[in-house]
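To keep things simple, chains are lettered A, B, C and D as they appear, and every chain counts its residues starting from 1.
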């Protein structure tokens, strides 16, 4: 994935964040979305290590102020700090309108695998299991294929699940896809790509409407 | 009970509070003990409405600062405020070294009834059930007899229990009694009273040692 | 990225409360009781309410206004000993009263706020007061399943609020307020002072804004708030 | 009635920790991690420890020191992805690792602090990750019994402490610290600044003194606390 397509993906994903929402961005790609939010958007960014109202990446870092991904962030007018139990009370209690999470695999039916590759990589789930199960809306942001070129969007996850059937939308460097009752639907496509190229890189059936496809 | 014997009882009960303790005083008679603590005693008074380090009754009351009994109290150097869940975390978590509670009835085996007189008075337990069950040491402070002259220290409580077998010591206007494996033991007696008078006013067997009895 | 503004008129905020709703009300005695919100709820006459509160205040104050106006179907409280009206109405079966030990009341409210189904506690174990509860064993110890206490609304009194709903409470006026903020599906907070975002130190927030839906200015500091009885 | 003084030397405080103890350690990444206390624990060489912490820090920092010195029998964590040493040791079975979802870890620790036997949660319900848990039904919903996580000791990093043990945490350094203060049988808090009683506003206390047993001055602000990597 080129830095250009990465930036385009992040910029597109940032548009998922709507005014009035409380939003949690997962570790990795998702926290990078923070830099792409419009400065005047009324939104509360939540970080599971105990911040509501996360501000932009700090120009003058405070050693005690990081987001869940370890980035030095800043406060804004109206920021609040709290402990980890209170933070996950927000998550489990349904106060998070949207979470955007990374993925090892995501299925066409909204299953997410993101926390363990048995025998290879076992970092632990962190807060992802609870975010994926309890946020009001779950989006995934991921490269469309892995480093070996294999699809990360699959018919059925081969890895242990983080949550089952909770993902509504998938942002990749190639496409925006929605999980619908009919199946996975291509809703936007990266500029310059063909539907065939996206289908080729996708491990499950991809529904495409009749009308013209928006690009990003 | 004369005001003199009440004051004597409170003064004696106050000596139960030892340096280093965290202590909760129940509503009614017990909270009055606060006024009898030595000013230099190192102790943390806890109030279940969310205060550690309760100070003396306020000379200039703050409308937002009451103890659990509704008295306007003061802060001290080192006072902390917290919510009701945190406050009872201290109670259930075993952080309260001593609680002193009021009683409708208390038995010679340490049972306490203090929260309901079925059909007559049903105020609810407030925090008493948890304090009585979970404080490391439970003392009762009560008049020795009720307004009708009937013993409040009984062989077996007739009222629904607040907690079973948790009371270690009973302070009254007539005596200090300890609940022991052998039974209820008279350990101190109010000045000017005879053992016979105390026994007369007590609804259960009262053990008395051979040696001289301390007075208060 | 400014945070959303949640300020709302008192009448509008309270009009969200519907007949038959379960309403948590903050406060332990006077401190922390949202008397202005309660007065508005009385004015609007919303009926058949289940009120969850530590206590029933004293006669002629707060919850007692709702009892007197016949708006309360049920009280869930830890004690009502200071309100003879409430005791009388309970005995006359004019209101249903459910007693919960104070710390369990706090914890069951918090459990709802934390998105838990309940907690397991050994309070009242092996006493008749524990009757009717489901017993379970955890790590070899017996306890009761204590269900989370949810509510449709919470009425909260804060000393200060910013427009996002970050709240600060004064002294012992904190009590059940932050827990109820968490637990209710919709939380309405009145504040003695409403300040702009940024006026409250992020370290000093007692109830974070994501738990609060409406921030309401108080038309006046009613006498009830200021009572000092010596 | 002054409050008790709980200040204590670092060596004395840490020497209370015995071989085989379960030790909770505050912090999420760097902020809130008590590096000085951990370094002293390494110096004293206490063995066979069960460490409860959100994460295993990064290689060469904090918990990694304890892993490198072979003092850890078991880790209870939410993730260790930032510490390749920990992942390697887990794969080589040199250390046992129990993963708990982060919010459940927080809640199970808090439950111990609140004197509860456990909580009931529907996290991981109907997924293989929930395997091995006891299922119960509360108010018609299915959840797992999640036992309280107790500990013999908690090692805490505070920005400020008074001599009674009232603690304040800086920004995102709060995280698990107040919960672990509550949960451990004995809580040792290091503080960047120790102030006299009365120097902390009673409203600003994040962990009240009754939860804290030893207040320990830090000999130095180790480099680990100050790392700013851009």
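Note that in this section a contact is a pair of C-beta atoms (placed from the backbone, for glycine too) under 8 Å apart; a residue touches a chain by one contact, two chains touch by 3 or more.
Just so it is clear, the model here is predicted, and its values are computed rather than measured.
Student: Per the definition at the top, count C-beta pairs in contact and tell me whether A-D or B-D has more.
Tutor: So, comparing the two chain pairs, more contacts are at A-D.
Student: Which chain has its C-alpha centroid farthest away from the centroid of chain B?
Tutor: Comparing chain centres, A lies farthest from chain B.
Student: For chain A and chain D, let me know how many angstrom lie between their CA-based centres, rounded off.
Tutor: 29
Student: With chain centres defined as C-alpha means, what is the inter-centre distance between chain C and chain D in Å?
Tutor: Measuring from centre to centre gives 32 Å for this pair.
Student: Any idea how many Å lie between the Cα centroids of chain A and chain C?
Tutor: 36
Student: Spell out, as numbers or ranges, the residues of chain D touching 2 or more other chains.
Tutor: Residues 107, 110, 114-116, 121-122, 169-171, 202-203, 206 of chain D touch two or more partner chains.
Student: Where in chain B do residues touch two or more other chains at once?
Tutor: As it turns out, chain B has residues touching two or more other chains at 75, 81-82, 85, 88, 91-92, 134.
Student: Connecting every touching chain pair, does the picture come out as line, ring, star, complete or other?
Tutor: other
Student: Between which chains is there touch?
Tutor: A-C, A-D, B-C, B-D, C-D
Student: For chain A, which residues count as touching chain D in their complex?
Tutor: Residue list for chain A touching chain D: 47-51, 61-68, 70, 72, 75, 81-85, 87-88, 91-92, 115, 119, 121-130, 133-134, 160-161, 163-164.
Student: Under the stated contact criterion, what part of chain C meets chain D in this complex?
Tutor: The contact residues of chain C facing chain D are 107, 111, 114-122, 134, 136, 138-139, 141, 143, 145, 147-148, 168-171, 202-204, 206.
Student: In their shared complex, at which residues does chain A touch chain C?
Tutor: Going by the criterion above, the answer is residues 19-20, 22, 37-46, 52-53, 55-56, 75-82, 85-86, 88-95, 134.
Student: Residues of chain D touching chain A in their complex?
Tutor: 28-32, 54, 77-82, 87, 90-91, 97, 99, 101-107, 109-110, 121-124, 126-129, 159, 169-179, 206, 225-228, 230
Student: Can you name the residues of chain D that touch chain B in the complex?
Tutor: 1-5, 110, 112-116, 162-164, 166, 182, 196-200, 202-203, 205, 208-211
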